[in-house]
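Have a look at these structures, which come just after this line.
Heads up, the next two complexes both have subunit A, just with different partners, subunit B and then subunit C.
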Partner chain A sequence: MRQGPPPILEMRDLAVRFSTEAGPVYAVNGVSLTLREGETLALVGESGCGKSVTALSILRLLKSPPALTTQGTISYNGSDLLALPEAKIRSIRGNEVSMIFQEPMTSLNPVLTIGRQITEVVAKHRPGNRKQARDRALHMLDMVKIPDVVRRYAEYPHQLSGGMRQRVMIAMALACDPKLLIADEPTTALDVTIQAQIMELLLRLKEETGTAILLITHDLGVVAEAAQRVAVMYAGRIIEEAPVAEIFADAKHPYTRGLLASIPRIHNRHTGSARPRRLPEIPGVVPSMTDPPIACQFAARCPLAAAQCRESAPPLRPMLSNHAVACWNAETAA
Partner chain B sequence: MTGHAKEARTEGEPPLLELTDLKVHFQLKKELFQTTKHAVKAVDGVSLSVRRSETLSIVGESGCGKSTMGRAILRLVDPTAGTIKLDGADISRLSGKRLWQHRRKMQAVFQDPFASLSPRMKVGAIIAEPLVNYGTVTGRKAALSRAAELLEVVGLKGEHASKFPHEFSGGQRQRIGIARAIALNPDLIICDEAVSALDVSVQAQIINLLMDLQDEFKLSYLFIAHDLAVVDHISTRVAVMYLGRIVELAHRDTLFDTPKHPYTEALLAAVPTPDPSISSAKAVLSGDVPSPINPPPGCHFNTRCPYAEDRCRIESPVLREIAPHHFVSCHYR
Partner chain C sequence: MSIIGDVKRLDLVTRLDWIGTAVRVQFGRNPSLVLGGALFVLLVLVSVFAPLLTDSDPRRINGIVRLTSPGGDFLFGTDNLGRDMFARTFFGGRISLIVGVSVALIASIAGLFFGLIAGYFRRLDSIIMRVMDGIMAIPGILLAIALVAVTRPSVGNVIMAIAVTEIPRVVRLVRSVVLTLREQPYVDAATSVGTSTIGILHRHILPNAMAPLIVQATFICAAAVITEAYLSFLGAGTPSEIPSWGNMMAEGRIYFLTAPWIVLIPGGFLAAMVLSINIVGDGLRDMLDPRMTKEL
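Moving on, here comes the complex of A and B:
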């Protein structure tokens, strides 16, 4: 059995459906996840796999309608987040559990100074007067290494660069010492040198504060550098979950293997050869999510697909003590 | 044949595309009480050449001018100074009919396959349009049947010609854009972040397709990208841009194995490695890219360079050949 710190968030069998003009879209189909205190779990997958919807469900940030959570529980601190009254979830949001998003410009209020926005979060959730909240905000800006904090405090989001705005978002998200930080593609919109700065900052703050992080990303390089455990999603399901070293060294699911093989890597070529090696590709396209999934969703693209794969969906089952795979042929794949 | 042998063979030939001191400046509106007009120097004196059948990649972060340079070559924006020679002809001041005649030799594939295909045209008509426009086939019917052939070349089916772009996935749309780009048998294709919007599994398909088409049709690519791993995979040579200037230009292997410019070093170090067994201890570059309206005097990189000295803050370094075919713009390398 898996040991380690106690779980702080347990998602069981979550399913989310969107009603659209073209009919229902089954975005998340039975996702279970456990996050332990202080750990970083990466949720990876390609566009449309349901990773962001899963993340947004935790703090109930999906607009309903069109979104409808059809089944599942998300237990946090002994209560089911999906069943809590709105007032209660608001006291958790931004406080015990906070979130940062891909595009900091759209998540910050353009007409309020950044200082005021951080102060507001602190004043809402923490005891103390306005002055203390302001001091806390200044402290947080300092912590995320914003230079010249007193001047920056009074500036508006448009006066900051993209990297600085993401620092402000992180300062705001961590202002109330959250137990869990959900980071949805936090560096995707940033240039590579700025991405390196932000990832370094996130990892340092995690060390200092002990916050658990649910990192949603499509970038396997970021995963390798930041996560302890990885859950791979495909078409609304988790298809493999394992410690980060095992995912990269010994992936069992044919999709995970295909994904890892298809990333171009620096220095992964025959130096001096006339032509670069062809990249291994995963043939075909991601299935449409408008039909309820019955079979294995990857079967149409899978090199190992057999009759069983087209009839029923494989459950996520443990193969080793801490490595789970949803594949009927995982043993033969290994 | 090795890459170097191929290079040696093509070196004698005149390059397909040759930029000499290309500048693209955008004038900003004069503000009240402002005495001088400011300009964004998006491309600020770039000289380079693209040889036949090679892929020259241009890498750099947002705002470095790489896309503006691509647009200037396509003559979608007017160059402020300098020349653009395509197949020996200076096209930098041409317009109208004369430009139209040269333009068929170069095509473009853009980043967003959703924005670059007209949603109201069927795929067959989209691909047939350049064929009809340049009269390379006679009659609508012949154009459409050629379009169906081109769809097969890029890995789609001929019958897809009668569908609309919205019926395709992102990767399939990028294939349609590529089919349109190769329709006129161009010599040069400018790929502006052509695979950046795609998921990795689909990205691999499109990278492979681009490489196959290059072999089959002897295409040259000017490959504008920010993803260094993709660039490492696809390029013959690589140019690194920073604030409108080229800071390093070399053969792909040279640039990735022995980068010389501090900015190139920092860029390569910043790329996260998809391998947890490699320790990620790295020197993170501090600060942001300065504004291209008021770039720092001297070397544009001096505000972020860990090795900057007084000279770098005063004097602009020139791009010089420090080893055969390896160009670096730094006082101290």
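Moving on, here comes the complex of A and C:
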């Protein structure tokens, strides 16, 4: 094992269940993750695979009911976030661990100025008076490259564009120098040029502050650019985890391979193909999470599925020193 | 240091600017709000400054001049006991205003408090709402009469009696708004940066719930002015020694055929005040909720 910096967040065997009218929905089924100081880990997977639920449960932001964390521990700096008293977790939220959400359009309070909203966070977690908090807020707005900060400070969210609002959210999330930033699809709601700007900003700020980032996304382009390690989620489980170069060069799990194969590529004219090739897709749909099969969740859609796959679920096993796969066929597939 | 000064100045400038622009824009877009507001302000001013407008005592009885027609020495005439209607009307306006504004304030504050709790803390919701349903099941005017009957007629008791009947409506309104607001992403975002429950209610939910509450408060104010008049007319409201539009009409009703001004003048003022408050309420609703604007 490579000796890296000490782990900052260790999630062990997390399971989250939602009670609904149609019965329990098993959204997350035994997810384990380790994030080291200053590292960027991408959690990828399609819609509904449980990545957002995993992210939200770190700061205990899921509303209970209906959500119920049935098992697991999430240890941050040695203390289990799931067991902390409410006041304690409140002092961690926004201070040591903070979060950026998908919807910059609605994640800011429409009736407060953006400056006030950042100042509140600073004043809550940092010693010092109101003026120092204001200074810090102005500094943060400047840091996320908002032009004309003094004027923008007194503006309301509706006066800002989507990209600007996401910058404000980032400024708010980083205002107290968190050790860990959870970014839940931070660029999904933005258009492509703004996405690139926001990712660039996030990565630069990460360099400057040394924050570890848990990046949740379904955009493999973003992953390639931003992350050091990738964990692929499918149906509430992690099915493959490896350094980013490994995933792109030598994915072991058929699902990961399917995902990579379905990225559209602009064809090289030297390959000679006259008309564009049909984009390969993964057949079938995600299994229902109300009644998850005991077998491998992917078996029904898997081209390599064998008898064993329909009988029992493969555990996440290390293949190489830093590459783990949950597939019975991982060896043969390689 | 200077940057903070700049921010403060900018805050103030944008705000002053905003108010000036708002009045001008609203007059163009919503003239009834400005005109209704002007009528209301006029009625408030004549009531508040009643002692400056007349030097006659609204309670002074003078049998010699009883039932004098309006005009001459007595602009609004006199009533059956020779009391100056001009003075009585404007002093009576004070009672209507005090009752209307106090009821609107008390009902809004109490309703806001219970509504926030019911909407945000789901466990207390059904308890609070069943109590409110219970109060709502009793006809408001009967409850007010009963409450005044078990105490004794005084302006304070009238205010409390009317406020109690108005509170459940405010609670329902605030609760429904809070139920929507608590699911907003910015509430989750505020939680994620460590805001406490009190902070969320105070800074994120309350300000967003104010617009519908302000509109509701104006309608409560108008309703309270009317209810006060009902109660006083029935003799269960403002004690007869204090002039109010309601008890003036009550005392004048037997002289209606010979001296109709005793009923018509306070009645006209009552109608004008209720109308102006309702127009302001309607206008505020249009202004604060863009979806209600007719132009769109």
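Please note the rule applied: the second predicted complex is superposed on the first by the 322 of 334 C-alpha atoms of A that agree within 3 Å, B and C clash if a C-alpha of one lies under 4 Å from a C-alpha of the other, contacts with A are read in each partner's own complex, and residues count from 1 in each chain.
Heads up, the rule we're going with is that a residue touches a chain if its C-beta (ideal position, glycine included) is under 8 Å from a C-beta of that chain, and two chains touch if they have at least 3 such contacts.
Everything quoted here is computed from the prediction, not taken from an experiment.
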{"item": "Combined model on subunit A where subunit B meets subunit C, clash or fit", "value": "fit"}
{"item": "Touched partner set for A:200, first subunit B, second subunit C, both or neither", "value": "first"}
{"item": "Subunit B versus subunit C as contact partner of A:235, first or second or both or neither", "value": "neither"}
{"item": "First (subunit B), second (subunit C), both or neither touched by A:172", "value": "second"}
{"item": "Subunit B versus subunit C as contact partner of A:225, first or second or both or neither", "value": "first"}
{"item": "Superposed arrangement, angle subtended at the Cα centre of subunit A by subunit B and subunit C, nearest 10 degrees", "value": "80"}
{"item": "First (subunit B), second (subunit C), both or neither touched by A:191", "value": "first"}
{"item": "Which of subunit B and subunit C A:15 touches, first, second, both or neither", "value": "neither"}
{"item": "Residues of subunit A touched, compared between subunit B and subunit C (which is higher)", "value": "B"}
{"item": "Partner chain(s) touched by A:289 [first = subunit B, second = subunit C, both, neither]", "value": "neither"}
{"item": "Partner chain(s) touched by A:180 [first = subunit B, second = subunit C, both, neither]", "value": "neither"}
{"item": "Least Cα gap, in Å, left between subunit B and subunit C after the two complexes are fitted on chain A", "value": "5"}
{"item": "Subunit B and subunit C footprints on subunit A, overlapping residues", "value": "none"}
{"item": "Complex contact set, residues of subunit B against subunit A", "value": "1-6, 61-62, 169-172, 199-205, 207-208, 211, 215, 226-230, 232-234, 253, 256-257, 266-278, 280, 282, 284-286, 288-289"}
{"item": "Sites on subunit C touched by subunit A in the complex", "value": "3-4, 6-7, 10-11, 14, 184-186, 188-196, 199, 203-204, 207-208"}
{"item": "Subunit A to subunit B touching residues, read off their complex", "value": "46-47, 161, 163-164, 191-197, 199-200, 218-225, 244-245, 248-249, 258-260, 262-269, 271-276, 278-283, 285-286"}
{"item": "Partner subunit C, residues of subunit A touching it in the complex", "value": "59, 61, 90-95, 98-99, 101, 103, 106-112, 115, 120-121, 124-125, 131, 134-135, 138, 150-151, 153-154, 169, 172-173"}
